[in-house]
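Following this line, the structures themselves.
You will see two complexes here that share chain A, one where it goes with chain B and one where it goes with chain C.
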Partner chain A sequence: MKNSPRLSTLNNAGTMLLRILFAAVAAFPIVFMLVSSLKPDTQIFGDMSSAAAFLPVGNISFDNYAAVFDRVPAARFLINSIGISAVTVVLGIFINSLCAFALSRMEVRGKRVVFTVILATLIVPFQTLALPLVWWVNQLPYFELSGFSLEISKGWLDTYQVQIIPFIANAFSIYLYHQYFESIPKELDEAARIDGAGWFKIYRQVVMPLAGPATATVAILTFLPAWNSYLWPLMVVQSEELRPVMIGIQYFFQLNVSWGEVMAYASLITVPVVVLFIAFQKSFINSIASSGVKG
Partner chain B sequence: MNKRFTRILATSITAAALVSSLGACGKGSASATSEGSNEITMWTHNAGNVEELAAIQGVVDAYNQSSDAKAKIKVQAFPQDSYNDSVVSAAAAGKLPCIVDIDGPNVPNWAWAKYLTPLKLSTDLSANLPSTVAKWEGETYAVGHYDVALAMLARASDLKAAGVRAATIEQPWTEDEFQDALTKLKALGKWEYPLDMGTAGSGEWLPYGYSPLLQSFGADLINRDGFQTADGVLNGDKAVEWAKWFRGLADQGFMATKSGKDSTQDFLNNKSGVLYTGSWAADKARASLGEDLVVMPTVDLGNGPKIGGASWQWGVTEGCANTDAAMDYLSYSLKPENMAAVAKATGTIPATEEAAALIPEFAEGGANRIFMDFSRKYAVMRPETPAYPFIATEYGKAVQDVLAGADPQGALDKAVKAIDANIKSNGGYKN
Partner chain C sequence: MTTSPLPTRPRPAVATAPAPLPSAPRHRRAGFLREQISGWGMIAPAAVLLLLFVFLPAILGFGLAFTNARLISPRPVEFVGTDNFARLFADPTFWRALLNVTYFAVVVVPVQSALALAMALLINKKFRGVNFFRTVYFLPVVTSMVVVSLLWLFMYRKDGLINELLSTFSFGLIQGADWLNDPATAMPAIIALSIWQAAGFHMIIWLAGLQSISGELYEAAQLDGASPWHQFRYVTWPGLKHTRSLVLVTITIQALGLFDQVSVMTQGGPLDSTTTIIYEAVRSGFKQQETSYASAISLVFFVLVLLISAVQRYLTREKD
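Up next is the complex of A and B:
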């Protein structure tokens, strides 16, 4: 039985209304953050019990943003986080896809065991590894160019690489790539092989170009924890000039907290994440959906 | 396709190169183990606290420029909430700096863990507020430039409207008077809750803010005779009485079980009539309320008003390669003018009378002098035992359980059981 056009319009309107409602619920915290970042503290608290909390009304200014840069070297922290996250993402895509490719396409004895062991690491929470890892990274050799001579010292603490290298290899990224590569017909490899391609050529010219959605997902899933990284830099970085953005948020929690500044800083560090998600959202959703079906 | 992948590969190689270059340019400053004799590092919890950090940097700069300086001091600031985690990680890696600041009650724990070495200063500390000198097992391990004090803030106009007298240091409110005051203030109908006890607070606020109330009832966090058990002290009749009283404040509608995130701001926005807070809120409140602000001592719940003693202090680490210079700097930083500079920047109570005389607000007759009097008269040190951080955590959980409606005796028994087990498993925290 077909619905009447009137009923169908009502249904559509209802669905749309529900969507708007869900979107509004999801957007409220972000709107509140952005709006509050423009208000003085007294007004933030004063507006709290009315709809004005979500509207840029009253005493609006960019004073909180100016104060953020007085309290925190925000530009430095942002540059650090962008650099650390970008390098982690790019190297993560390369290393994890290579690993997944080997596990998916190559006939290597024991690869199932290796894959299982890699997956098993997913159940170990990082917090349990953090302190031993601090000890380990402090034992690693450090190479530094001093003029024309190469100096070797011990310990990676208080460096950029200690914030990057431990997070390049990622079991979940390997799993995502592996699942995606499994969906790419192996006949393509064989055809390429007949044309004289080696493993690396197959990887870079056949498989990877078809794995765009997986790459987008891995990019986002690697970027987010790198951007949000808090515990690890707290433990391994002492110099202010090397700190990432998330450590900066703690700068605001003094005895008398300036909530307007907190909101301004939170807005500043949220923008890059939102931009990244908007840029990749189609591929991200595609990949999550497809790996969910196939996984 | 080929070009696309080549681009990805090229980007990866660039990224790898970037890691190397970041590594080359991104090595932070030297830590303790690599510190030379001419530069030593000092860690502080003041990142983001612009005023205090500037004051400390000022003292350091003056020392560095003095001809008697035994080393150049380099300041590294960390955010307060995560400062202890940074120190513990650095200690695990053997990378502690020479000088650290420490929240006073944690000093015995850090001394027991061999993070700190006993101080050997050229400064006489006998005139300092007792709560600014941290001792453990007869040795002084840390010394502070200042202390803070708990107090209650109210508006004189509200008290007058309710017909309630303002508590004074000579005559604090008794438990009954407090009950009466809250009943009358609530009857004014101005606030949903007339009292804000900062119940949304967490971490060290819970033991710092609420254990003095427990102590005023006659209980304590631990039996201070040997610091080996909390049994009978933290879960005895007096402690249960405290817990019931505390929960009763919420049950009677005097305070919220979870206050707003910023109690001071709520008080200034007239969302509460009496604010239980510390000296750090006074300047902001005075700027907003002016003459209408009343600063009162905490309530006498049977054993006199009590407030927590000890704030942030300075110590020297055991692995410091230049202890002599570190001690020299600390002695220098304890000059009255230096202590006054830090206390003035932070609105805290200067550690000595000499320093107080340099700050009009804390000199005799000054608006904040009352906090110095509170500190001298009411301060109780939090238990000077290495078990303190664990005790503080367990007590904090008990406070939250009581506020959430748990059986007071059960909540305190649980805390005692955990504390006693911890002390036992650490061999009694013997040195």
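Up next is the complex of A and C:
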């Protein structure tokens, strides 16, 4: 009943052709973006009707990139986004793993209830919270130390903290760490306790060093939305010097759009993520696969 | 009080203070207390933040929907009953938004999950270059939706790349549309780029499902002479039961939350043909500062999401 060798070769060739077709569809806009970022506008439109649209040929330069830094405070936006994502990721890893550690490995009274309540928050999508949250952060007190006096004003709008603090604690990160911690033998904790280690020391020196894959997953799942965030900063940040990269695109829709510059800016804020993805491909794939269970 | 079923309840508390229970040595008890204190100390930071930025806003959103709260207003917040909902349900733009996201979801859910499954099947088996294909299929996912929208905004121009490609591959037969400026084509255009961006994400989830199916099942099927289609129909498809409902629900909820593409590309236009629930919530809550009205919209969105999750729970439970 086996297929004849010729038929199966044909089959394999067909499958490979399909693979290449899908790859072409997935890649062509990105290649087009990268290549166009190197060309002047007249050439982008001139090349559009031929394969040259996807090839770095003709008048190639980094002029568009230089122009982007002239037109837009692009460096500032990049620094803001790097800072905001880094702080959110680092604090997120610390606070969520600490919480999951206590919930998973310690005999804390009432931890079941706490864990259930934390998991229940997963059902609320961020879009539901966003608008009430804008109103809410505008009611929160804002402490500022100026000289020797502590000044208290109302409202977190237009700050760095409003882009970071609401996104540090994450129920899904706690869930992921909890799952992972459950798989680490509890005898390790007991051995460390007999040696006189405190709970925090067990967390830091016994459990966390073994939780690398969970940390990688949480880091990626925190970093991507932080870097890509658009809806939230659109509403809560007005000052130019506080804006993240995704809001920077608004600067290009004034008079006389230069598409070469738009493509340069788009490449500029995409390439770092692509490089990270290629470097940590396995962790990226694993984190997406695990994010599927969120449902 | 005397008939209380637990009349002796306070007594152990008094007794434990001077002398610990004989069954629990002193160091154990001290350890127990320390464990409670450090445990709660470790839980507290995350718990407090979740309380402040998820729980409270969720409850607030529910409450604000029944008030007249504005983002910045000198007047105190007043309870107005169901006024916001009455206004919402009488607003043709809201119904248009609901219709638009339904249209979006009805196309995106089956097409995106099918394409994602096809991609997963194409790279499920090991072959030379499998990593290359997986990387390429996944590239759109690591590109942010905002960048993707910007890029496709350029490609969808009347003199843009999409129309050039259409004309080249049809040998000049197809004259492309002015995609985003025509009410008839704007939503299909947004649908196409959304599928392009997100299919790789669900490919990974399908792949995880595919890899959980035991290879022995395929070997047994091959021994019985099952064709590739029969293997898919009787081994793969049943094996993906859980993954299937998972993919369907995540795509549906993401589809209902459509926002970034619309905000960057069309601002809801032309003629409200691409406006969405979340876009309307942002328009009223942020641009017009009507927090209460936006909260009402958000609440309706939440109820929709809950309904879909409930349907999924029901469907998967029934089959178990």
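Keep this in mind: the second predicted complex is superposed on the first by the 238 of 295 C-alpha atoms of A that agree within 3 Å, B and C clash if a C-alpha of one lies under 4 Å from a C-alpha of the other, contacts with A are read in each partner's own complex, and residues count from 1 in each chain.
Keep this in mind: a residue touches a chain if its C-beta (ideal position, glycine included) is under 8 Å from a C-beta of that chain, and two chains touch if they have at least 3 such contacts.
Every value quoted in this text rests on a predicted model; they were computed, and no experiment measured them.
Contacts of A:A23 after superposition: chain C is touched, whereas chain B is not reached.
When the two structures are aligned on the shared chain, A:L131 is found in touch with chain B and with chain C. Of the two partner chains placed by superposition, chain B and chain C are both touched by A:F45.
Once the two complexes are overlaid on the shared chain, A:I269 sits against chain C while remaining clear of chain B.
Touch criterion met: A:Y142 reaches chain B, while chain C stays clear of it. Once the two complexes are overlaid on the shared chain, A:L234 sits against chain B and chain C alike. With both complexes superposed, C is the one of chain B and chain C in contact with more chain A residues. Contacts of A:L119 after superposition: neither chain B nor chain C is touched. By the touch criterion defined above, A:I285 lies against chain C but remains apart from chain B after alignment on the C-alpha atoms of chain A. Across the superposed pair, chain B and chain C both touch chain A at residues 45, 131, 134-135, 138, 165, 231, 234-235, 259. By the touch rule above, chain C contacts chain A in their complex via residues 32, 34-36, 38-40, 42-43, 45-50, 52-58, 60-61, 64, 69, 71-72, 118-119, 122-123, 131, 133-148, 150-152, 154-155, 159-161, 164, 167-168, 196, 200-201, 204-205, 207-208, 225, 243, 246-247, 249-250, 253, 257, 259-260, 263-264, 278, 281-282, 285-286, 291, 294-295, 297-299, 301-302, 305-306, 309, 312. On the chain B side of its complex with chain A, the touching residues are 1-2, 4-6, 8-9, 11-12, 14-16, 18-19, 22-24, 26-29, 31, 34, 43, 47-50, 76-82, 85-86, 89-90, 92-95, 97, 260-262, 264-266, 268-269, 271, 278, 280-281, 284. Those residues of chain A that touch chain B in the complex are listed here as 41-42, 45-46, 70-72, 83, 86-87, 90-91, 93-94, 131, 134-135, 138, 142-145, 153, 155, 157-161, 164-165, 204-205, 208-209, 231, 234-242, 247, 250-257, 259. On the chain A side of its complex with chain C, the touching residues are 1, 15, 18-19, 22-23, 25-27, 29-30, 32-33, 45, 48-49, 53, 95-96, 98-99, 101-103, 106-109, 111, 114, 118, 121, 123-125, 127-136, 138, 165-169, 171, 174, 198-200, 203, 224, 227-228, 230-231, 234-235, 246, 249, 259, 262-263, 266, 269-270, 273-274, 277-278, 281, 284-285, 288-289, 292-295.
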